[in-house]
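So that you can tell them apart, the chains are marked A, B, C and D in the order they are listed, and the count of residues begins at 1 in each.
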C-alpha cells in the first residue's frame, strides 16, 4: 500500500495541532504593552516552543516518509499512536501556561514529549522491519544516535522537575525546560542522510 | 471518477474531529496531581476512547478505499453521511464527560456509535453495488462478519444503559461502555483480506 | 496550471467549516432527555441543515472541478470568494440558533446563502470563460437551470423574513426556512451531466 | 525531494488559520440590526481584512510553488517560519478587535504583517539559491519590486501607529490601517510572470 493517505492525514492532524494552539492565546484585556507582556507574554513563549516542537516532528516525519516504500495496518497504528501524543501538546502546554510553569505541569509536559519521542522511535522501528536490510530505508535510518540521546535528556528533565523541591527555587523547572529545548535543537536539522540518499 | 478528493476531504474532516476533541480538555485549575486526576482524569479517558474510535474509522476507511476503483455522487453522499455521525463524537463525548458518565449521555453516545457503524455499512454497500461481483472489491469485502456482530453489541450496550435503573448502580453504564470498547477492539485490526488482495 | 492545490485547499477549508460548527454544540447542562432537547435540540437541527449545506457545496464543487482543465489567478480568487461566504455559515448559524430563529438572524442567514450561491455562479462563470465553447466543461455545464431558480427562491425566503411583521406570527420565518431547505434539496443531486461526460 | 507534502501541509495550516478566525466572531447578544452592527460590525470588518490577507498569502504561495523544482530541509523550515507569523493573525486580529482598534494593537498587527512579509521574502530567497540562475524559477521571480515596496509601506504604517499621540486623534491608526490595506491590494494579483512562464 502506498503511504499517500497516511501522509495526508498526518499533515492534516499536525496542521491542526500547530494552529489550534493559537486559540489558547487569549488577547490581552487592555491595550498597552504591559497588558501584552503580562497576559500573553508567557503564552506566546510556550506557543513558540510548542509550534517549534510540532514543526520539528513534521519535518522529521516528512523526511522519514520520503524513503518509505510500503506500509500496512501496523504502520497506520504506529503513526496514530505518535499523533495521539502530539495531539496532547495543546493540553499540556495550556496547563503549564495557566500555572505559570509550575513543577508538575512542566513534568507532565516532559512526559508527553518523552512519549511522543518513544512513539516516533516505535514508528521508525515498525517501518524498519517492513523494509529489507538492503533497502535504502534501512541503510539510511539505521543506528540513529539522536533516538538514543533524546530519551536520556528527557529523563533528566523530568527528574529535575520531580526533585524540584530539593533544588533551589525554580532550578528544577529551568533545568527541565532547558533539557526539552536542547532535544528540540538536536532535531531541528532533519537527518541529512535522507537527503543524501534521495540524491 | 477517481476517489482522490473524497479521500482527501475525509482525511481533513477526520483529522479535525480527532484533534478538536483536545480543545474540550480544559487544563486543571490547580497545579497538583490531584487537580489533574479530578478535573481532567475522566476527560482524558474519554478522549482516549474517542481518539481510538476515530482512528479505527480512519484505518478502516483507508483500507476500504484502497480497493475502490470508481465512485459517483451517491458514494460522496454515503461518505458524508458517515462523516456526519462521526462529527458528533466531540459533542456526545463532551456530554458524557460533563455528566460524569450519566445513563442517558452514555446511551446517546452508543446511539451515535451505532449510527456511525450503520453509515459505514451503508457506504460499503453502496460501493459494493458499484463494483461488479467479479471485482477485487467485491470478492475481498463481501460477507464481513464484523459488520453483523457490531450492531448487536452496540444494541446490547444501548439496552443496558436504557435499563440501568433496574440494574445494580453503575452496572448499566459499565456494561454499555464495555460493549462499546469491545466493538472498538474488534475493528482495531483492519480487514486483513484487503492487504492480501493488494499483494 | 493544474487545479490540484485549489481543490486541496478548498477541501481543507470546507472540512474545517463543516466540523467546527460542532464546537458550537454545547453539551446540555443536565443529564436528562429534556436537557438534551431543550438545550441542544434546536442547535442539532440547525447543525444538520448547515452540515447538509456545506456538504452540498462540497459535492457540487467536487463535480465542477472534475471537468476543469486549467485555472489561473482569477479562478483562485473566485474560489476564495466562495469560501469566504461559506466560512460565515458557523457565525450566521450560531446567531440564528442563539436567538431561537428570530426574524433578522434568519434573514441574515438567507443573505449569506444567497451570496454563497452568487459566488458559486461567479466561479462557474469564470471557469466557463477559461474553457473554449467546444470544451467538455462548456458543453456540460452551460445553461444550468438550477443557478437561475436558486436566487429566486432565496429572494422569496429573504423577503418573507423581511416582511415577517405583516404576516401571521412565525409564518415569515417558516416560509424563509422552507425556501432555504428547498434550494438545498434541489442541489443534493450533483449535476448528472458531469458523470455522463466523464464516462 | 518533491514539494507535494510541503504544499499539502501549508494548505492545511492556511485553511485552518483562515477558518478559525470565524470562531472569534461571537454572534450578537440580541436579534436586531443594531446588535449585529455594534457587537459584530468591527469584528466582521477585521475578519474580512484578515481573510483577504491569508487568501493573498495562499494565492502567492500557490504561484511561487508552481515553479519550484526541488526542496530540502531548509526550505521546509523557511516555510514553517512563514506559517508561524501567519498563525498569529487570529491572535493579533482579535486583540485589535477587542480594543476597538487601539494604537498598540494596530501597531502589533502591523509588526506581524511585516514579519510575515519578511518570512515570505526569506522563503523566496532560500528557494532562489536552490535553483540555478538559468532555471525558470530564477528568471521568473528575480527582482520582484513588490518585495521591496511592501516593507517600506508596512514601516510607514507601524511608524504612524507609534507616533499616534503626536498626530490628530485616530489619524495614526487610520494611516496605519490604510498602509496595511494598500500592501494587500498590491499583492492581490499574483505575479503574472508565473502564469506566463508556465505557458
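To be clear about the criterion, a contact is a pair of C-beta atoms (placed from the backbone, for glycine too) under 8 Å apart; a residue touches a chain by one contact, two chains touch by 3 or more.
Quantities reported herein were computed from a predicted structural model and do not represent experimental measurements.
Although chain B and chain C carry the same sequence, what matters here is overlap: shared residue numbers make up under half of all numbers found at their interface. After Cα superposition, the angle needed to carry chain A onto chain B is 90 degrees, rounded to a multiple of 5. The mean-CA centres of chain B and chain C are about 27 angstrom from one another, to the nearest whole unit. Note: centroid distance chain A to chain C, computed from Cα atoms, is 38 Å. Contacts with at least two other chains are made by residues 8, 12, 15-16, 20, 23 of chain A. Chain contact summary for the complex, chain C toward chain D: residues 1, 5-6, 8-9, 12-13, 15-17, 20, 23, 72-73, 76-77, 80, 83-84, 87-88, 90-91, 94-95, 97-99, 102-105, 108. Residues of chain C touching chain B in their complex: 7-8, 11-12, 14-16, 18-20, 22-23, 25, 27-28, 30-33, 36, 40, 48, 51, 55, 58-59, 62-63, 65-66, 188-190, 192, 195, 198.
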